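We call the chains A, B and C, going by the order they appear; numbering starts again at 1 in every chain.
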Amino acid sequence: MCLAIPAKVLSIEPDDMAVVTVENVRKRISTALLDQVAVGDYLLIHVGYALHKLSEEEAAHTLSLMAEAGILQEELAEISGEPTCAT
Amino acid sequence: MTDRIDMTHGGGGRAMADLIRDVFHKHLGNEVLDRGDDAGLFAVQKGRMVMSTDGHVISPLFFPGGDIGSLSVHGTVNDLAMMGAKPLYLTAGFILEEGFPLADLERIVWSMAQAARAADVKVISGDTKVVERGKGDGVFITTTGVGAVPDGLDISVANVTAGQSIIVSGTMGDHGVAVLSKRENLEFETEICSDSAALHGLVADMVAAVPSIAMLRDPTRGGLSATLNEIATAAGVGMALDEAQIPVSPDVAAACELLGLDPLNTANEGKLIAICPRAEAQTLLAAMRAHPLGQRAVVIGETVADPAHLVQMETAFGGTRIVDWLSGEQLPRIC
Amino acid sequence: MRYISEFRDRTLADNLANRIAQEVQPDREYHFMEFCGGHTHAIFRYGVQDLMPQNVHFVHGPGCPVCVLPVRRLDDAVELAEKHDVILCTYGDMMRVPGTGRRSLIKAKADGADIRMVYSTLDALKIARDNSNKQVVFFAIGFETTTPPTAVAIKMAQAEELTNFTVFCNHVLTPAAIGHILDSPDFAPGGPGRIDGFLGPSHVSAVIGSQPYEAAAQKYQKPVVIAGFEPLDVMQSVLMLIRQANAGRAEVENQYTRVVTREGNRKAQDLVADVLELRDSFEWRGLGAVPDSALQISDNFAAYDAEKRFRVSQKQSREVKSCECPAVLRGVKKPTDCKLFGTVCTPDNPMGACMVSSEGACAAYWSYGRQRAPRDAA
């Protein structure tokens, strides 16, 4: 839903704050909604707050599932002798 | 001299004369301005001329990559350049708010002078008024410029038809993001600088390489989307764009993601859109890329026949969508 | 951009499109409701529907907190700003939404009301600290994603003993809305509406987890796939919904595993439970009164409740007569079915919130897709 974006923790600050970065754009945000934030973590940022940590493992897994969808498609096409052109 | 503008600086008396001499003439001075006449006298060239005016009300006054002074020079020079003209002379009207720091004014005027010198234009007449505290935003500047259009050039939206190439000179959204980064309540840090620059040198190279350019326009307020829609409506054509070709710097893209903005709706102050015959597009690109201000020039689409005059775009994702005018000012969003 | 750009990849999009085309049953129509306005926006902005087979349809849901805010509450906010000499802080999304008499926050601001757009509740707190002689009211809207930041702000205000900071609370809840839609006669068998499954909200779920949807999936026998926010996420989620629909399953599946877990963010949930409590009922624009669907500030934090500190008049609120936002929000009409769409009602001249909010179905249709002939004639 609401606009939230993954950003990388650059530094931790006192009072539940942190500086995060997307590319080279830096923003100070609140980590009051999370426990244990570390430099290098990817956090989901919404209206100036980190809502959740992003799991890099799961992100990679999701991407591989998406890629698999294509591989299966090619395999099926090979078997049936159909062309594999995109939509 | 006091350190802030007060009402006497606009009163027409000694204080105003001192201000004009010590700040405006000191930095902007040239043989025309220094004569001290009520108007700037200049010889008129043969052929056609163009004239344009701009009011500058930007806030904040100082931003990464420029300030209201340099912006005002570049803005008017670019209006003239979009007609293919060589910019010649500018006038500058200042409306100053009571209480405005003189040091800031001097900084702005110095910056204007630098920009004018670099663009080879002279400020030949000016005006200063002071308004009461609360009735201005520090300083408003109005610049008017004249330029000469070389014979044989015909650059106008009237030349736009279906089947032409649409080119941009470089990355989109830099200026808007640079200015936003300085606004309160948004507070993000970035190295993004405004792209504010005078484009007439680039334009001169372009028309030399491809005299049959149909039209030029700089996508300022409202960004690329507003400008393309203006052109489409005025020319009675549609447009088909390829999103993957539109250059946006990674930092600008990131800042826009963070705030929920669209780089296509974000202002530029040192970029131009060119529309030219398809056959000439590669020649034009080569000329642009050879110039420092056009190194990232690229074809982003073409004009098409469309009774609805829509600007449509194939997204980088493979679908299609309309690129619409922005409604009102672009506001950061949470949703 | 890391973890953003990868999920917009063109090649993967083509892969998924082919996969979906392979797996749809050709003699079947699939209607999936994307609950979330953010998904509506993403679908249009990237043109995801162009990559779908003809028999897959998106039904746009009411997950746009700006769109479902009753006109009356917006009128109250405008009145707070105009008549109570407060500094009203608001997210940008609300600025141009028209209230009664087409009066909006941006118009009130032009007329002199002190209305300030903020990116975060942190900014509103700062304004309160910097303006101790004025009352500051934060206009809180949003689903469960946006609620924890409000709760944090109230706790911070309490910790700092701020006497000039209150919140006008309009937070709403997602699972209640989903249940309410499925309970409505529109979606009963034989009714005009048809939903075969839901694309569940991405970031609401990051906070509340995937667990709260299980009861609805079970009760109404509809599959729910929690879908990420990027266009590839939407496509993969559609594939997962198609598989469930084909197999006759009605489970909650999580596609957005990189951010959503079954329990969600416990700390955020606890904070919200501490500061806010359920309202008995709340009037949603378009859906009418929905029980247990919204939050108010609990008694322990009454000092930070704008509704307790200020009295707003109980004036009658009016919406524009022919505005079909209510039907659009319920998913039973398309924006193009509304008489006002594109004629009187455009983003420059919005008649209802669906056209102003960037998440609203009408705005999405207008800005991104008005060149299309409506594919999905009812």
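Some observations on this one:
Just so it is clear, a contact is a pair of C-beta atoms (placed from the backbone, for glycine too) under 8 Å apart; a residue touches a chain by one contact, two chains touch by 3 or more.
In this text the structure is predicted, and so the values were computed from the model without any measurement.
Contact counts per chain pair peak at A-C.
Centrality by Cα centroid goes to chain C. Centroids of subunit A and subunit C (each the mean of its C-alpha atoms) stand 22 Å apart.
Separating the centre of subunit A from that of subunit B, both taken as means of CA atoms, is a distance of 37 Å.
Each of residues 1, 4, 14, 17, 37-38, 51, 91, 119, 123, 142, 146 in subunit C touches at least two other chains.
Multi-chain contact residues of subunit B (touching two or more other chains) are listed as 187, 250, 253-254, 257, 260, 318, 333-335.
Across the assembly, subunit A contributes 1-3, 5, 22-23, 46-47, 87 as residues in contact with two or more other chains.
For subunit C in complex with subunit B, the touching residues are 1, 4, 8, 10, 13-14, 17, 37-38, 41, 44-51, 64-66, 91-93, 95-96, 106, 116-119, 123, 142, 146, 231, 346-348, 357-359, 366-371. The part of subunit B that touches subunit A in the complex is made up of residues 187-192, 250-251, 253-255, 257-258, 260, 318, 333-335.
Partner subunit C is touched in their complex by these residues of subunit A: 1-6, 8, 22-23, 29-30, 32-35, 42, 44, 46-49, 51-52, 54-56, 58-59, 61-63, 65-67, 69-70, 72-73, 76, 84, 86-87.
The touching residues of subunit C, counted against subunit A in their complex, run 1-4, 6-7, 11-12, 14-19, 21-22, 35-39, 51, 63, 91, 119-123, 142-143, 145-146, 148-149, 152, 201-204, 206-207, 228-229, 232-233, 236, 239, 255, 257-260, 264-265, 267-268, 271. Only residues 185-187, 244, 250, 253-254, 257, 259-260, 308, 310, 312, 314-322, 324, 327-328, 331-335 of subunit B touch subunit C when the two sit together in their complex.
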